[in-house]
Each structure stands twice: as structure tokens, then as C-alpha cells.
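The following pair of complexes shares a single chain, subunit A, combined with subunit B in the former and subunit C in the latter.
Showing the complex of A and B:
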């Protein structure tokens, strides 16, 4: 499959001699749901900005569908890739949720009928019905975050990069947001999710771990979450279920369990086996 | 001997100006000295409002209608002179940047006691001891601006400790931190509690609260809808669903096993308990519910 986003040996430094992203080569393919983890300062946000063309690499190149971001420019890249910043206040300009959702569509000269449809669609998708006339600055951080995601998704980008979108969201909202992103992904969009939440990351198809500006792990969550050397070096902790499975390994629980459901099946299987032995 | 009550709410309701619904209502709560109380609930359920009633920001700073009585160490919060309550209740917010303003960590931590007009030697003693208790003596001369999020939050905690409070209220102090910094801050809070501090911690993550807190209150629509030990609260499925809470993964695992008909005498909420319970299940075999 042809990659949607391709980084070729990309480095970027804000300060000379101190690369924030250091020789990264990675490809993102259409329809992937990727999580990126890493401690603060590991280069995650810089990587996101490089992908959407806001920053141009000091070394190497970033290709969007084969074209260098240096040639494309930010607005051209934004037709393919939407970025949702960590701080939603940076990305809100207008005085009503409705205007906010319309803004970029209007700027692009989208047909009014289409605009209405798209706005309706994202209001539903991100749990924002009834918010149309509200002032974005009167909303909570979590609500603002959803408005920003909705405004990006309304543009129908082929990929959406989200920088810690679940900060400030309570559990229920977090679950709903993941459901909306999952739906978006099923419709064909590539999702790249930067997160500190190990359980969220475990539910993605692919997991990248960054440390000191480099990608130190790239695999399925099942592989990466059991690689304790890499996780420790990157300052990360596996999710509780993985830690439990590892402790229970001596009792026969297999490696590679990643979800509560898988742990449940393993315990049932092992428990049933012993039961039949006892009989 | 009766336990010492650190904080007491008696039928407390509070409404912000120009709102129809009270942010908290009919709150009755006694928090014993030395307790570690976890506060959970969905966004907008009243957790922060509850916190701000304890340190007197409500009603002193936020106008609105306060009904009922809040007492700290037996005295109504309204009867303290301005500044007096800050000596008893330390408060740490979600975003450390909103709380730090000095050029060095040392000045930041000294700022509170300086305002109490206490002698210089005493201020120095407090700065030293606060930095030490939080484990950041080495950051003393650094600028808070250049610290990591976790370190900043530790400076905010040290600053409140310099006031030598009896009660520490923390409103999601770790929610914006990466995992490493999060652990740093939470472990520090745990250590302060072990040294005898009364801790009130607002936190979304039930896994953390199950490990740390002695007692949990669940808030919903401004009310306390449950009050109990973590092993009671986080295993009550009806309550969790109603309040929009997700229990720790190990508890969800035991729920799922129950659904599959497995007999479980005790539903674990903490990691070590879970390890024991599930080890036994595997070793002794699962028994199914009759």
C-alpha cells in the first residue's frame, strides 16, 4: 500500500545542536489508527507539526502522498491532514460554535448546502447538538476540544492528528470521543492519536513510542506494551492489565494480553483446565 | 476518644451568580484528620466547587449564594479573617502555571510565609523543610519556568506546605502531566499522607484512587451520591454507571468474569488484591455460580 504520510530521516531543532526530532523515518498508511506515546519533551508535538507542514524539517523530508511539505505549504497540506492541538483555545477564533464549525469550510468556498450537511454531521458525531449558538470561550476545556475536533473533521481530511485530545475529558466523554474517532476511522480516515493514556493507546492498531526525539518502538500495542526495556527507557508504564498478566505469567497466563476481555478469557481457560484436573 | 474532624459540611449548597442550578447541593460530609479522601464524578458534577468551599474561596472570592455551614477544624469558614484559612488549608490546582509567579523556586515557596510577617529565620526553616518534604531541595535556585510539569506541580505543593496547613486539597493535580511526572506527584502526595496530612484529592483515574485513598465520595449533579471505601464504591456497578465512572481495569475484569458465571467472593480494586484473587482462581479452578 502506498503511504499517506512518509517521513524520511527527518530532524528538526528549535535550538541549534539540540534536535527535538532526531532522524525519524516512519510511514503512515491510509486507514490506520495509530497511537504515539512518550514523555513530555520526547518530540511528539514537534513530529505532529512537521507532518502537517507547520514546521519544515532541518534535515530529511516529509512527504504527503509523495509530495514534499516544503513544496506544498501549510494550507495545501491541511486539505489532506487535519491537526488538533493540545490546547483548544489556540484553535478557536469565532464567537459561536456554529461559526467555528463553518469557518474553514466557508474560507474554502464550500457550497452552503454542503456546509450545512457537514456541520450537522459533526455536531452529531462529537456530541455537540444544542451547542450551535454557544460562545466557545464559555465552554469547558473538554467541550472546546470537541468543537475543535469537529471543525477539523468537517473538512473531511484524509488524516487527523490529535495531540492529547482526552486531557480534561471525563471517562464517559473520553469513551464517546474514542467511539467517534473509531467511526471516523471506519469511514476511511487515518487517525494519529498522541496520548499519555496507556489503555487508550492499547486499543489502537499500531503504537509508536518516542524518546529523545526518536521513535524507539513501532509495532502493535501487543508487542510494544510487553517490551519493558523500551517502555522503561521512554519513561512509560504499561496498562494495569498488562502488568497483571505479567505477574500472572508463572501461573500460565500467556504474554501478549492487552485487553480486559483477553485477560478474562485466559483466566477462564486456565481455571477450567485446573477444574477438570481436580475432577 | 473522638476522632478529630478536619473538615465538616453541614447541609451545604452553593449557586454561582446568574445560574439556575446550584453547583453543589445538600452536602453533608465529615472528613477526619489524617484521612485520604478521593473525590470522583463527571465534569460539572461539583468537585471543584466542593474544594473551593473548603479553602474559603467560596464565598470570599466567588460571589454567589452559599447555604449551610462549612467548618475547618471546628470553625466556620466565614468566621476566619482573610488569610487565616490559608494557614490551615493548602490548595493545589490542575495547572501549576496558574499558581507559580516567582523567579526562583525558593522565592516561590517563601512567598506565602512572607505574607504572614513571620521572622526571616522561620521563613527559611519553612522553605527548607517544605522543599525537603516534597523532595526538591535541589531545585531551590532554579526558575519555576524551566521546570517540567511534574516539578512545577511539586513546587506548587511545597508552596502550600510552607504555610504549614493541616489539610491539603488537590484538584486534579496530575491530569496534565505525563506518566512519569504523574507518578512523581502522586507518590509525593501519598508520602505526605503517610506523614499524617489530611488529603482531599480530586482525580478522574479510579485506578490511582483505589491504590491511594481510604475513602471515596462520588459526586453527581452537585450531590454526593456515594461515600465509602474504594472496595465498596468501585464495585457498585449500578452506581458507577449512573455516575459515569469507569472502575479500575482489574475491577472491570472481575465484572466480566462474573458475567461469565464465575463465583467471586471479593471483587478486587487494587493491583495486589487482584493478583491474589486471580492467582487463586487459576490455581484452584473457577467455580461457577449455582
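Showing the complex of A and C:
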């Protein structure tokens, strides 16, 4: 399959001699749901900015559908890739949620009918019905975050990169947001999720771990989360299910469990097995 | 970012009392506005450059400052050389036949000289202030201001403003990128669109900073800011001998210069004979150019 975003040996440094991203080669394919994890300052946000053409690599190159980002402007890249930054307050430009969602569509000269459809669609998708006339700066941080994501998604980019979208969201909203992102992914969008949340990361299809500007692990969450040496070196902790499964390994719980459902099944199976032995 | 931020270094000028440095910078600014002759301005430029060198101000931040003010300097120069009112060493005059602006001076030698002087003055002011901000610890500056009788609240506001500058420039960048990543082009050539999009960028920034200021105020109150009338300072400063010496020398030299210039008219403009000489030399060349017949 042809890759949508391709990084070839990309390096970038803000300060000379201290690379923030150091020789990263990675491909993102259409329709993937990828999580990028890493401790603070490991280069995740820089990587996202490189992908969107906001920073140009000092070494190597970033290809979007085969075209070097050096040849594309940021707004040109934005037709393919949408980026949602960490701080939602700095990304809200209008005085109502409705205008905010329409802003980029209008500047692109989208048909009014289409704009309305798209706005309705993202309002539903991100749980924002009834917010249309509200002032975005009066909303809570979590709500603002959803508005910003919705306004990027309304453009229907082929890939969406989200930088820590779940900060300030309660558990329920976080779950719903993941559901919305999953929905988006099913509709064909590539999702790249930058997060500290191990639970969130383990529900993705693919997991990258960054440490000191390099990608130190790339695989399914099932593989990566059980690779304790890599995680430890990157300063990360696996999700609770993984830690539980590890502790119970001696008792016969199999490794490779990643979701609550899997863990439940494995433990129940074990219990049933024991009971049958006792009988 | 206009002025360079403070970078801690163990250099003599960094250790000096901010009040002494403030006196020095104040003297330089006073002289810059009092004198207008090239000879004096170049001398002042030399002085400021030496200070920047001694204070080991980083070349990178200085370059950024210069890059920022360069368009302004060029604009000042251009405006003065085109619109100088009292020009009599005229290089080019608009032909009388042209409606409305016929007969107006478009380029004059004295205008050019005045433009250069104004630009030079501006440059010296910027460099002197850069010297101050780049070699003075903001905390010490705060203490210095309060000890000079500035109300603490005002001094603190100045200090916070200076401290937030790097953060602001980063936030501006992020906001512009956020707008661009939604496909809104800011690099538009159309000047009207450029200005309206600037408003779009300012909106979230202003809202953000208002909220932030409120948070900052609450955070400070939560740490007992203003709970006691009598307060002490984190950064202690003390005028040492060298500081007194610097302040006294700057003040004395400045007053002496001012007195001499004001009482002796011939000292006012020492480089004038030289400039007239230059004009007399280039005049024959100008006279041979094609527009000669427009000059009269």
C-alpha cells in the first residue's frame, strides 16, 4: 500500500547540536489509527509539526503523498493533513462555535449547502449539539478542545494529527472522543494521536514510542506494551491491564492481554479451568 | 521579539547595579536626543557598541533585534530624504508641469543627511535599550525600580511584561500555524486581507492573555502577594563603588557635553563643513545627469 505520509531519515533541531527529532524514518498509511507516546520533550510535537510542514527538516525529507513538504506551503499540506494543537485557546478565532466550524470551510470557498452538512455532521460527531451559538471562549477547556477538533475534522482532511486531545476531558468524554475518532477512522481518515495516556494508546491499531527524538518502538500496542525494556527506557509505564497480566503471569494468566474484555475472558477461563480441576 | 532577553553571564556589566546602568542608559538617550550631528552620533554608536561587546550580548539576539528594526530605519531614511521640508541642496525636483505635486522636492542631499541622522538616533536608542535588557536580571531590575520610588505594582507589571515576551512570541507562532493548518493563508499579498487576518490572529491571543492575567493574579494572591504592607525583595541589590563611579561619570560627562554644546554654537555642528565639502564635490556630477534641467 502506498504511504500517505512518509518520513525519510528526518532530523530537526531548534538549538544547534541538540536535535529534537533525530533521524526518524516512518511511514503512515491511509486508514491507520496510530498513537505516538513518549515522555515530555521526546520530540512528539516537533514530529507533528514536521509532518504538517510547519517545520522543515534540517536533514532528510517528509513526503506527503510523495511530495516533499519543502515544496508545499502549510496551507497546502492542510488540505491533506489537519493538526490540532495542544492549547485550544490559541486556536479559536471567532466568537461563536458555529462560526468557528465554518471559518476554514468558508475561506476555502466551500458551497454553503456543503458547509451546513459538514457542520451538522461534526456537531453530532463531537457531542456539540446545542453549542452552535455559544461563545467558544466561555466554554471549558475540554469543550474548547472538542470545538477545535471538530473544526479541523469539518475540513475532511485525509489525516488528522491530534496533540494530546484528551487533556481536561473527563473519563466519559474521553471515551466518547475516542469513539468519535474511531468513527472518523472507519470513514477512512488516518488518525495520529499524540498522548501520554497508556490506556488510550493501547486502544489504537499501531503504537510508536519516542524517546530523545528517536522512534524506539513501532508495532501493535500488544507488542509494544509488553516490551518492558523499551518502555522503561522511554520513561513510560504500561497500562494497568498489562501490569495486572504481568503480575498474574505465574498464576497462569497469559501475556498479550490489552483490553479489559480480553483480561476478563482470560481470568474467567482460568477460574473455570481451576474449578474443573477441583471437581 | 524586539529587545533581547536576559541571559545570565558572569560579566562585570551583568553584576553592576541596575540603577547605575539605568543612569548610563538615560544619559545616552538624553544625548541622542540633544545632539544631531553625525560626529556625536557616531561617537555614541561606538560607545553603545562597546557596551554591547563588554556585556557579551549574544550575536543571535542582536541580529534578531536589528532585523526587526531594519525596515523602520529604512522607512525613516526614505521619508526624510523624500519629504524634508527645508531642503535647499536639491537633487531632484518634480517638473513644474506635473499637476498637484509639480515643483515639489523629491530627493535632497540635506534630507538624506537628516534621514541618516534620524535613523542613526533610532538605532542608538534601540541598541542602548537592548544593552540594558540583555545585561540586567529582571528580578534585580524590579528591586531597582522600587528602590527608585516606582510603586511596586507598576514595577512588577513592567517585570512581568518583560518576562512574558518569549512566551508571547511562541504563542503568536502557534496561533498563526493553527490558522494556517486550517488552510487559511496568512502570507496573502493583498494588504487588506493581510490586516484582517492579523485581527483574526490577535483575537485568540488577547482573550488568552486576559484569562492568563486573571489566573496569574489569583496565583499571586494565593501566595500572599500584598498581604503585608512592608515587603522585602528576593533579589538584593547594593550600589558599590564601581556603580557610584559609573553613575557619577555618566552624569558628569553628559552635563558637561550638554553645557559645552549649548553655550558654544560652533560645537553644535562639527561635521557640517565636511558635509558641505561632500556636496560641492558631488554637485558637478549631479549637474551632468539627465535631469539637470529640472533643478533650478
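Annotations
Keep in mind that, in the parts below, the second predicted complex is superposed on the first by the 279 of 279 C-alpha atoms of A that agree within 3 Å, B and C clash if a C-alpha of one lies under 4 Å from a C-alpha of the other, contacts with A are read in each partner's own complex, and residues count from 1 in each chain.
Keep this in mind: a residue touches a chain if its C-beta (ideal position, glycine included) is under 8 Å from a C-beta of that chain, and two chains touch if they have at least 3 such contacts.
Remember, it's a predicted structure, so these values are computed and weren't measured experimentally.
Note on subunit A: of its two partners subunit C and subunit B, the one contacting more of its residues is B. Once chain A of one complex is fitted onto chain A of the other, the partner contacts of A:151 are limited to subunit C, with no touch recorded for subunit B. Legend: residue contacts after superposition of the two complexes on their common chain; A:107 is shown touching subunit C, with no touch to subunit B. In the superposition on chain A, A:6 makes contact with neither subunit B nor subunit C. When the two complexes are overlaid on their common chain A, residue A:46 makes contact with neither subunit B nor subunit C.
When the two complexes are overlaid on their common chain A, residue A:92 makes contact with subunit C while staying clear of subunit B.
By the touch criterion stated above, A:78 is placed in contact with subunit C alone, subunit B being left untouched. Taken together, the subunit B residues at the contact with subunit A in this complex read 42-44, 148-149, 175-183, 204, 207, 244-246, 248-250, 252-253, 256-257, 260, 262, 271, 274-275, 278-279, 281-287. Those residues of subunit C whose C-beta lies close enough to touch subunit A in the complex are 171, 174-175, 177-185, 187, 200-201, 203-205, 207-208, 211.
Only residues 49, 52, 54, 73-75, 77-79, 81-83, 85, 87, 89-95, 103-104, 107-108, 137, 151-152, 155 of subunit A touch subunit C when the two sit together in their complex.
Here subunit A touches subunit B in the complex through residues 38-41, 140, 142, 167-173, 175, 196, 198-199, 235-237, 239-241, 243-244, 247-248, 251-253, 260-261, 263-264, 267-268, 270-275, 277-278, going by the rule given at the top.
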